[in-house]
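Shared chain: subunit A. Partners: subunit B in the first complex, subunit C in the second.
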Partner chain A sequence: MKTGGRVTNWVANGLSRDVVAGVVVPGRWQGVDLAIWRSATGVLRAWKDRCPHRGMRLSHGFVRGEGLSCIYHGWTYGTDGRCRSIPAHPDLVPPAAIRAEALDCAEADGVIWVAGAGEAGPLPAVTGLVPLRSLALHALPGQIAAALPGLRLFPGGLRGVVVLGGIQTSLCLLLQELARGQTMIHALCGPQDDPVAVSRGLEDLRRSIEQGVAA
Partner chain B sequence: MIPQAVQDCWYPLAMAALTGPYPGRATQLLGQPIRVFRDAAGTIRVQGDAGADLPVILRFGHVWACPGTPQRDLFTIPEADHPGRRLVDCGVVRVKCSPLRAVENFLDIAHFPFVHTDILGAEPHTEVGRYEVHIREDTDEVWATKVRFHQPQAAMSAEGGIETEYMYRVPAPTAAVLYKTCPARPGDWDVIGIFVQPLTEELCDVWPWMALYDDVTPQAALIQFQQMIFLQDRSILENQIPRLLPLDPGMEIPTQADLTSVAYRRWLKRKGLTYGAQMVAA
Partner chain C sequence: MTPRLHDYVLSASCYKVRLMAALVGVRLDLVAVDFHPGREHKGPAFRALNPAGTLPVLETGELVLTESTAMLVWLAQGHPGWTGDGSRSAAAQVQQWLAFSARLAASLGMARLHDMLHFPADIDGCRLAGIDCLREVEAHLFEARLAGRLFLTGDRPTIADIACFPNVALAPDGGVGLEPYPGIRLWMRAIRSLPGFIEMPGIHRLHELRPAPERGAA
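Here is the complex of A and B:
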């Protein structure tokens, strides 16, 4: 997202607490589908969502210990991306060239960020806010921004103080473009804000934006 | 646009027994609208949009048609005619994938423990031993033989784990037949086929079909078993990237367990059967 002359490649891909140890979920960065997973000891990784063997989506796989296994033939990749076992050939040591393709990922303030390998700038700061929830909208980021003129653009999304559901709240909406004109909003709010009220306000907002888009 | 070699093949379009009078089944073949129906005389006919009749063969309980000029007869499965076998039509499964990916998946055993867990395979019995693959010169078919795999529940009539032996056969670009040890009759083979109808390059109807020595299991249970297996396969097939089958090496990484897949891809490429395939690594 380009904002005010500053360029960052970081795109929010979820809230840390939604990707617990032992879980893999789909993600997306600049049109590239991802598999985002956390090992048993808590190591977080973001990889292209494609197993090098026969192209199965890794986000459909499963985490065992410190590895992510593909659901098709069970090839297992360690946190370094290297394939470390091929179940059809248990005695074979997989060649080092077989590896999952990694993107950069980082976590700060309860948010999971993803960027192209080795090309990321500083992480967008959302310090002082608390993660609320993620929700998907049938709308583009620009349409969401237009619906919330009280928020300003910053690297990673929109933020500011707005009235939502009749309550004033410090809102931060991290925007992630998905496929087919959808956008995922990762919302954070002020520590004093009522999370239930803000959450309900976001659902109302979604309804009104989607109706606007459909009209 | 569509290679002549592709047009000249036979493709399954419907179950013969379920084909009714005009308008019958309106479907697609190689991206073109097509109709399968029974005319006033009771003859099953296949017509394209312009109303022209396509050559038709009724075999294995299915209606087959050729959109081009057939260069050879449709393959046969002699074992299917042996007395005592039950022929089971298993209906149809619509899959959003390349028809070639659907066939390739059917030729694959290494996925059994992970996709058909505790049915066709189970950890830790994941090893795929060496097997043989060749092209039969006389019939120009891909064959894999001496394929052995540990199977927790090989068929409806099997109880407990057994080492099952398989043979795989690709007699047409979108059809595959497997022969597997028959639990009820050691020395004989159960025969299971999939006939794949290419609606488009990324959409197909899969018609599973069986010829079994099993006169115990109710028909409904047999069909349900096969449907369950194919629904598990579908969750894979609709999530492979790229959607088209890559025929050039480099895009994917085959191992020894993938020898049948490698032979199938080479065979398709050599014969120019590229509908549903991609030639250059994207």
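Here is the complex of A and C:
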């Protein structure tokens, strides 16, 4: 996202606690669909959402131990991306060239970040805040920013002190563009802020932004 | 007698009843009804059983039930916990979500019937109403999780969760994606992890709970 002249390739793709060990979830980075998964021991990976075999979405697959298995024919990929096993040919050692396409993926302050492989700079800092929740809006990032003049742009999203849900809160909204004009907001708030009040405030905010977009 | 369920395999409401029965270990006699394309449920023989001509129908031996939420109550009887913890507040919350499940059926459920079986419907209206429902569930589950609860009404599942689960899980069949709902995703995973959980077309059990295929065992 390009903000205030600075550019970062990192895009927030969720909150760490929503991607528990042993799950795979869909993600998105600059128009590319992703499969984000966490192994049984906690290793997090972000891959293109495309099985090297026949292109099935890997986000529809499942995690078993330290591997991600495709739902279609069960090809299984290790955390290094390499295909480990092909159920239809159990005695075959899969060629090294068969591998999932990885993006860079990092976690800090309870946020999952994704960037294009090898092209990422430092992670946007959201220190001092606590992860709240993620929610999608039918609006573009620019429309969200325009609705919140009290927040300032920073690499990765919007940040500032606003009154939300009747209380003053330190709010950070990390913005992730989804398909079809939707944006995912990954919200963080101050450690002392009432999470229920901020969550309900975000619901109100979503209603008013979507009404503005529809009008 | 063994309770007899007049059933259609692709119906979310019939699945609710099959799932509940499986979770509490009640065996059902299944009578397959040719809902589509035969419209058997609209014929005179079926209407003699249920004048409304709707599925599912549960014959308990004593009663003929035609509302799936009533069937959940009947099945859960004698299985403590599935109807709440006995408190007034849990009982009321369970009723709240049983009623909410009718909104899910009218929105996400109808969108799915429109897309799969070509039911006439205001498809955009159904999808928008369905998204409103999903957002309510997601916000509720967020607050529940803050309080350390994984399910709709407490820290263990009740008939409320089973009533709401199928039409939520099948939302993509009606063109409503579940990608933006991390809380719903974790809740669905918790339900799919329950001992005795059964599948239906479009809702799978957790593959990772099955043993990995043996290497060399073709």
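Note that the second predicted complex is superposed on the first by the 215 of 215 C-alpha atoms of A that agree within 3 Å, B and C clash if a C-alpha of one lies under 4 Å from a C-alpha of the other, contacts with A are read in each partner's own complex, and residues count from 1 in each chain.
Simple rule for what comes next: contacts are C-beta pairs under 8 Å (C-beta built on N, C-alpha and C of every residue); 3 or more make two chains touch, one makes a residue touch a chain.
Keep in mind that what you see is a predicted model, and the values were worked out from it rather than measured.
In the superposition on chain A, no contact is made by A:Ala100 with either subunit B or subunit C.
Once the two complexes are overlaid on the shared chain, A:Ala136 sits against subunit C while remaining clear of subunit B. Look at A:Met56: by the touch rule set out above, it reaches subunit B but stays clear of subunit C. Contact with subunit C, but none with subunit B, is seen for A:Val20 once the two complexes are overlaid on the shared chain. Touching more residues of subunit A than its counterpart among subunit B and subunit C is C.
Touch criterion not met for A:Leu188: it reaches neither subunit B nor subunit C. In the overlay built on the shared chain, the residue A:Leu174 is in contact with neither subunit B nor subunit C. In the superposed model, A:Pro87 makes contact with both subunit B and subunit C.
Applying the stated contact rule after C-alpha superposition, one finds that A:His73 touches subunit B and leaves subunit C untouched.
Of the residues of subunit A, those at positions 69, 71, 74, 87, 90 touch subunit B in one of the two structures and subunit C in the other. Residues 135, 138-139, 142-143, 146, 179-180, 182-183, 185-186, 189, 206-208, 212-218 of subunit C touch subunit A in their complex. Subunit A makes touch with subunit B in their complex at residues 33, 49-50, 52-57, 60, 69-74, 86-90, 92, 98.
Note for the complex: subunit A touches subunit C at residues 14-15, 18-20, 22-23, 25-26, 62-64, 69, 71, 74, 85, 87, 90-91, 133-136, 178, 182, 184, 195-196, 199-200, 203. Taken together, the subunit B residues at the contact with subunit A in this complex read 108, 110-111, 113-115, 123, 126-128, 235-236, 239-242, 246, 251-253, 255-258, 261.
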